[in-house]
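Each of the next two complexes has chain A plus one more chain, namely chain B in the first and chain C in the second.
Right after this comes the complex of A and B.
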């Protein structure tokens, strides 16, 4: 079904309403203080209320007819979602594994994975690019910039 | 005389082999970033920030500033040769620049963009040298209410210029303020929403947030369809504009420089606004306005000069008030703080070497760009030919490593990925990133100044209206806030939005 702007607005308004309410309740737990001596909860409390009120306005506005303009599809192509998910998964995997496997090797795997899965390249191009990037990144970050990156159990 | 002494001091700071080298690296990296679509100067400065930790602050700031104005230069190259602006500010250059390239006049277009940028850079640096010190003295009269009102106005201008719904932009601004409250409260020392995580005590890092919102989210959006581009393949020759080109361009360059400088001082996406305004002015003043958009050199010279002059102007609020007026300057403010320097009215007197060294480096950097850009055009064309499927994994790798190397913290990398997901979804739901980022930067300062003002006035919020400076600033903020309900201002906003295209600060 074609989604319209008001659908999007309704979802996001509910999200921000939740965020606003959460922060204002949280503000109360860390002492709001009063106007002459505002405490640490003053800003979260009042900003939370302001956000919640604005979210309510957005929610109410989403029921007006002029907000019913058609939106482009959430994913422009049939396989767009796969690329988006793959890219985020690759970044999470890099974060979880690069301390164990080591910067250079993990960089090689990360680049090769993205090259092969997002816009699939042939094996020759994938391996050459991944290898060159891993070596150059190692030279740049570890040898030249002296960044303390994990070397993993292989020691590189 | 005083000015000459200061220029001498700046030159003394700059003319050391190390500083000259890093100035060169800065403008080179900036041009590269400007040439590559999908990686802006904000992300590039954030990315290179950790690598500057083991060099002196002056050297680091010289390099980081070089990236900013280098990117403005580089952005024009892609606009002219590929019809894709490497930088938001170079959008308008596409109109006539690309048409000139199609007619085989890519050389003069690139040449006048480089010369125009150099002249504008020179004028804006002169302006910076003349305006910043007296403004800093004036800013000494600012107290907490004035600072709070000024920051509120800065945010409001950005929200006013939002491309879409102003309500949504306001919501993003308030959301940013809420996120900025995470961490240790600087007045009472209370931990807020840290959940016992050590990294949260210092608040949500600006760099992971910017890298996620601008770097990662931008790449992911591009991945959905993939960027295809065709570079004008005819050989770029005759880079030096001829006498007629100069005759047509010199006045647009001078007008663009002055306009860009003054717009640069204002909060908001100054390089973008100034480029669009310059184009509009040149079209209005031209004897042949109907030819604009078909490849006239004035349409390249004016906007290119204006957007470069605006970068010089944008440093003024930072150096004099300690307030960033766009996201690039916000990252620079973060950099100053990491080096233990608080920009503000006292900065010029407390750190004259840093201020004058940076200003003079900007002048030399502009000269370097001129020398660099013209002979290296061929190289930049080659860079443009690197296919995006090869480029994007490298950009993502740089984001991951750049954020990790800030504090060697996996939590900050996780934060960046989180902000990347949020930024991607927010774009889909038509929310803008700029108010969120500015609120993240200004949030802690705004909160402290608001609370201090209320303490000073013993809880009377009228303090913001009884002080003349803050009252004036509050009045402008209020007018901007209610503007959508005033028909004639609302219409002007719509026009301005269409020109600026929102978003890109």
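Right after this comes the complex of A and C.
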């Protein structure tokens, strides 16, 4: 569904207003000081205040503007949201299992999942690419560049 | 001057050491590929190569990244001219005259003008960079914290005012970045802020994590949501490059000079990178050029101006990075990250402590630009063929490299969670038309701004007027105020103009 810029601006203004208020209030728990003697909470406090003020400007502007600019939909295709959410969940799963299963095996599963379900490829290409990527990444980053990537309980 | 030349001579010799030369060539080729692929931006490309540099010495690492940065400003030009596919936003102005020339059957000539512009623009900016850097660094040695604070503040302001879009959105993005930068233990008093007891938040949020997430993961999610809608590449039969004659190039010498110098100056301004340089110089050419009425119809000036400026901006952007430790663009922010990861803090001292390394990087820029032009000339066909590679597969590799890159910064899984979170932020920002660059610059310059402000207040008996009373910081503060009010003035003029019209 087509949305207007003002619609997005209103939501984001409310979000940033919340962030600004939260940070400026939380900033008060550390010493703020004043302009002549700033404390550790000075910068977060004032950044939060300015953020909140700008968010209010954005909110007011979203009501005032006469010519509302049409925006492309947040998810442009019918299955866009599914792809984005699945990619996000794949990343979350990768992070949850990365340390336990190990970099090489988890990379194989992650790449294979992305190639088969989100960036659709045939099985042959999926398995060859996932396998080659996992092995090459392991050799390059763990063996050659000695990056401290987790090896998991399988040891690879 | 003789000192500079002798250091540069040593730099050239260092460049020919096998390891430096190999990484120079690799950087040039990878930069060209990054420029060609539409799903991969220049900044993202430099970020993705960063994990490969962790195990290297600092000199080849910086040579690799700067070579990528230089050639990335040219890489997308052939596809813009031949297929109307700009690999980078930098090359959008090339669509207007470059593609028009190609349609008139002069594709080879258009490609030749592009290489010529990148070569001359790049070399001019290198000469300016080498000439100015050491004097600027010597001058910067006299700077104290008020001057540093003023420069950082100017950088933060210029990214907002040069952004082009909504000033409110840019300021929100900037202050969001500044808030992110305050997470962790405060550098002056050692007080934990917004850490909520988490050890990783106590160490603060690394700006590289924010960059990898917002630029890397965010961009992949955006392209994924759009379904990778790259235009299919047509086959171009005679894909050749024909260089302009010396007489032809001399004929538009003013355009070459103006764009190269302007590109370098724009590169120096923090926050204004190759894209702004390319658009601004095209606009200047359309306003003041000899054949301004014919711009857009397929004339060489319309190709030379944006391309020369884009490549020239690289030399410009390296000046504040090396002399003051302040990155002028997204790519130089990553290069700053590479320096820091190798335990080197760029700034005026670097010209005393690491002269050899600095001049090797300078020399590699000269060689890189020449090499880029040669590769661009002879390898046009294989370069363009890269577009046939499925973007979806490239995206999976990008995601994997993002994970490895973010993990390798501190060997921490928590950084990966933060990266994914900033990937989502980057995706949402892209969708709601909030600029990402101010947020990223806020996370980079925020700690610098805070520490220089705090140190100044402590050193100068909490007298904030010191920022305005010292001559250099006073001038920079005045420029900052002008930069901040310039967009408001522009808007006010637009409103007045609209009222007069109606």
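What to note about this one:
As a working rule, the second predicted complex is superposed on the first by the 152 of 156 C-alpha atoms of A that agree within 3 Å, B and C clash if a C-alpha of one lies under 4 Å from a C-alpha of the other, contacts with A are read in each partner's own complex, and residues count from 1 in each chain.
Keep this in mind: contacts are C-beta pairs under 8 Å (C-beta built on N, C-alpha and C of every residue); 3 or more make two chains touch, one makes a residue touch a chain.
Here the structure is a predicted model, which is why all the values come from computation and not from measurement.
Of the two partner chains, chain B and chain C are each touched by A:83.
In the superposed pair of complexes, A:152 makes contact with neither chain B nor chain C. In the superposed model, A:30 lies in contact with both chain B and chain C.
In the superposed model, A:75 lies in contact with both chain B and chain C. The interface of chain A with chain B overlaps its interface with chain C at residues 5, 8-9, 11-12, 16, 19-20, 23, 26, 30-31, 35-41, 43-44, 47-48, 50-51, 54-55, 57-58, 61, 74-77, 80, 83-84, 87-88, 91-92, 94-95, 99, 107, 110-111, 114-115, 118-119, 121, 129, 133, 137, 141, 145-149.
Against chain A, in their complex, chain B makes its touches with residues 50-51, 54, 167-168, 170-171, 174-175, 177-178, 181, 185, 187-188, 190, 192-193, 216, 219-220, 223-226, 388-390, 392-394, 396-397, 400-401, 404-405, 408, 410, 413-414, 417, 420-421, 424, 428-431, 447, 450-451, 454-455, 458-461.
Within the complex, the chain C residues that touch chain A are 51-52, 54-55, 168-169, 171-172, 175-176, 178-179, 182, 186, 188-189, 191, 193-194, 217, 220-221, 224-228, 390, 392-393, 395-397, 399-400, 403-404, 407-408, 411, 413, 416-417, 420, 423-424, 427, 431-434, 446, 449-450, 453-454, 457, 462-464. Contact residues of chain A toward chain C in the complex are 5, 8-9, 11-12, 16, 19-20, 23, 26-27, 30-31, 35-41, 43-44, 47-48, 50-51, 54-55, 57-58, 61, 71, 74-77, 80-81, 83-84, 87-88, 91-92, 94-95, 98-99, 107, 110-111, 114-115, 118-121, 129, 133, 137, 141, 144-150.
Residue ranges of chain A in contact with chain B, taken from their complex: 5, 8-9, 11-12, 16, 19-20, 23, 26, 30-31, 34-44, 47-48, 50-51, 54-55, 57-58, 61, 74-77, 80, 83-84, 87-88, 90-92, 94-95, 99, 103, 107, 110-111, 114-115, 118-119, 121, 125, 129, 133, 137, 141, 145-149.
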